[in-house]
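Structures incoming, each one as structure tokens.
In what comes next, chain A is part of two complexes: it sits with chain B in the first one and with chain C in the second one.
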Partner chain A sequence: MIWLRRLLALGVILAVWQAIVWLRVAPTAYLPSPAVVALAAAGMFSSPEDMHAEALTVLRALAGFALTVPLGIALGALGALVPAFQKALRPWTELLRPMPPAAIIPISVFAIGFGLKLYLFTIVFAALWPVYFNTVAAFSGTSEVLLRTGRAFGCSRPALIARVVLPNALPQIFIGIRIAAAISLLVSVVTDMFAGQDGLGYLLFERAFALRIPDVFALTLLCGLDGMAFNEMVLILRRLVIGWHVRMTAEAAA
Partner chain B sequence: MRPLPAINLWGVLSIAVVLGVWQAAAWHYDTVLFPGPWQTAQAIVANFATIAGEMGNTLRRAFTAFGLSVLVIVPFGIACGRLRPLGMVVDPMLEFLVTIPPPAIIPIAMLFAGVGDTAKIAVICYALIPGGLINTIETVRQAPPMLERVGRSLRLRRIESMALIDLPAAMPGIVTGLRLAVTASLLVTITAEMLLSTNGIGAFVQRSQQSFQVAAGLAGIVAIAIVGLTVNLGLRQVERRLLHWHYRAGISET
Partner chain C sequence: MGASAAAPAACANEVRPASSRAPLLAVEGVRKGFGGRTGLQVLDDIGFAVGEGEFVSVVGPSGCGKTTLLLALSGLLRLDAGSVRFAGVPVWDGTPAGVAIVFQDYSRSLLPWKTNLGNVLFGMRRVGNRRTADKIGQAMALLAAVGLEGFEKHYPWQVSGGMQQRVAIARGLASRSQLLLLDEPLASVDAQTRAEMQDLLLGIAERYGQTCLLVTHDVEEAVYMGDRIVVLSARPTRVVREIAVDLPRPRDQIATRESAAFLATRHEVLALIRNERRGAVTERAGR
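Let's turn to the complex of A and B:
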């Protein structure tokens, strides 16, 4: 059912797009028809250069994401369990959270140079906050009843955290993880654009300046597909880790 | 008189420690490529007029785009939430659009609108509208069904019930979505300015660092952090004013 609706929506998008092309709102050189873009996309998928860029961008985003999640959960847990730590971190979180990742890329290049290090740094810098804040909130919001039940079963403090607080917090932490996945991909693409060596972001600008416009559209759509894949990845991860919770809420809703 | 807020001692301490270590490191390396807090402060004073002017450009763009996005998000979001057939088509379209990272469409925006204000504002609107719409649509759908029945027994027309019932009922969700959107608009504006640089604080940061004036670049970054923080704090106040009835009545509980 959901796939039928998605197909329908895709059809509507393509129809509107084709209609705009036929109406000549924009010159066809700038707004290619869906068929031309599909051809460009086919070329893109069979071009080793393009697929290399795609692999680089996605793998760097994944590496940054894989680093961000445990770090964010660890810092968040520390923040919730040690109030002084959370207080000491607060001025920095307040100042750094609204900071656009793009703004710190040039200065990071000065500090740490190019390569994977740069990507890891910019991704962690931007994607850490949603995981951190959700972890702090989820840990601090553990209900008193759960804690007392755990204690009544004779849990020590570490056991209480590992077996009661963390499992209870995971559903909310996953909200942060989902946002972090989207940010990881975004920052990976933006860093490509600024570091200017390789990756999808670099390729997008290279093709745009070379006026290979169908390629630009195809690459943009590829970024969208990557975004969908990242979202799907988190949903699968979520089902693996907290499947019990997903099933429970589904039952409650039914 | 309101009581003075308690001072976050740990926060003050951590700021002092970080600034101290940073300054010591800057003295140790003693190069213009690694300015300390003191040089950064000097750069802020020296470039104050430029930074303030460029920040003005940035804020003007961010708020123009934000205003345009609100004009789309609120009425269209309520319509999609209330009119089922429209929602069926629009939902999956939005699902796909939110997965394309906003910076990835910068090259396409550049093709159509060059590097001027229009291109940047288009990119910002693209970044804000899908997320804002999804938020609004969901909130409208989750409104208690009793409200709609009350509207029907008062014989309100469709458009009247949208304006008089759905809008206020969805207000809390809309405002939360818009608060996120304001922060996002600053973020995307600065990214767009760095890539399509003509003016604005993003272009200033980019320019200073390309000409190896790292201290001036850092000054720009500090300015961004302060503006971001101020905007966030201001929004929290506005939210509290606008929605005091919601927080007081605790409607979200039922």
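Let's turn to the complex of A and C:
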């Protein structure tokens, strides 16, 4: 049912696109028809160079994401449990959080050079905050009733955190994780564009400057597919880790 | 009051627990206030005892700090003065292994990420030296005892409020506690479920020889359930009177509630509490 609706939406988009091409709203050179883009996409999927770029961008995003999530949760837990830590960190978080990720790429290159470590740095820098802040909020928001319950049944402080506070916080932490996944991919592509020698972002700029418009459309499409895949990955992860919460919200909505 | 120095004869109006041994729970001169100097004195010299195997009801006017008292008894709240002793050992920071609590806010006190069975198993955290299979078997038996057979794999949020309360009771029983503290456990269920749960609790208390302390605002419930009633004053809270309930067991929702002894006790407690409420109102008006 949902797939039928998605297919229908895709059909509508393609139809509108084709209609715009026919009406010659934009020159055909800059707005290729769906058929031309499909051909370019077929070429892209069979090109080893393009697929190599795809793999690099996705794997770097995944590596950054995999580093961000435990780091964000650990720092968030520390922030919530040790007020002094959060206070000490606050000037830094206030300063660094609003910084647009793309703006830090040049100084990051000066500081740490190119390669995977650059990507890890820029991704963690941008994606850490939603995980960190959601963890702080979720840990701090543990209800008094739950804390009392844990203590009444003999939980020591570490046990209370591991067996009550963390499981209770996970649904909210996952809100941050989902945002972090999207940011990881975004920053991976942006870092390709500004500092990369390879990857999807680099390829996109290269083809765009060469005015290979159908290729640009195909690569953009691929970025969109990657984004969908990342979102799907988080949803699967969420079902695995907090399946109870997924079912609870689904049953509450029903 | 200097209760420890006074001779037993001085407390003639107090009812002593039937057991001649040291009481399971001994509360003496407990005081607790909130909010510093200008704050609120909630508990003002509370003292009573619970003997082994007893079912004691604690009742008082609304807002008299019943929940505060229960938290103080379970070691979840620091006392300003006085002492709580469980099996002779002072309760200070944290709940002793022999004490279990069924919280008033049961729906939020159950762990939503655990199944009903998982929640009962959580109650067995401190029960050592047993294999997991044995614990699971016992948890299943407890769930069956509270009438939840077939709901072991359900999550608390998948069952009704009354059933959630049964899970909370099973979890309280699971720790094999010597003392079960019940904090208004039936405050938010409908009247029919409430009567059913009262009998369920009494049946379980009898079956497991469970010592219970029930905190409630419902006078009839206090009389119906208890061997003894501790009546509290309005805030700042003291013990006004201890009343022995002279009703045969097993209790019956119809016969017991219609008996002369039930009505007399109910009358006595209600009159005490009405007095307390009036006193509180007059005092507030006089300020």
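The rule we apply is simple: the second predicted complex is superposed on the first by the 253 of 254 C-alpha atoms of A that agree within 3 Å, B and C clash if a C-alpha of one lies under 4 Å from a C-alpha of the other, contacts with A are read in each partner's own complex, and residues count from 1 in each chain.
By our rule, a residue touches a chain if its C-beta (ideal position, glycine included) is under 8 Å from a C-beta of that chain, and two chains touch if they have at least 3 such contacts.
Quantities reported herein were computed from a predicted structural model and do not represent experimental measurements.
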item	value
Larger contact residue set on chain A - chain B or chain C	B
Partner chain(s) touched by A:Ala137 [first = chain B, second = chain C, both, neither]	neither
First (chain B), second (chain C), both or neither touched by A:Trp244	second
Which of chain B and chain C A:Arg151 touches, first, second, both or neither	second
First (chain B), second (chain C), both or neither touched by A:Lys87	first
First, second, both or neither for A:Leu78, with chain B first and chain C second	neither
Touched partner set for A:Asn168, first chain B, second chain C, both or neither	second
Chain C-touching residues of chain A, taken from the complex the two chains share	143, 145-146, 148-149, 151-155, 163-164, 167-168, 170, 242, 244-245, 247-248, 251-252
Residue ranges of chain B touching chain A (in the complex, touch as defined)	8-15, 18, 33-34, 88-93, 95-108, 110-112, 183, 186-188, 190-191, 194-195, 202, 205-206, 209-210, 214, 217-218, 220-221, 224-226, 228-229, 231-232
Parts of chain A lying in touch with chain B, wherever the complex brings them together	5-6, 8-10, 12-13, 26, 30-31, 84-85, 87-92, 94-104, 106-107, 110, 182, 185-186, 189-190, 193-194, 200-201, 204-205, 207-208, 213, 216-217, 219-221, 223-228, 230-231
Complex contacts: residues of chain C adjacent to chain A	71, 74, 76, 94-95, 97, 99-101, 103, 105, 108-109, 111-113, 122-123, 125-126, 155, 157-158, 171, 175
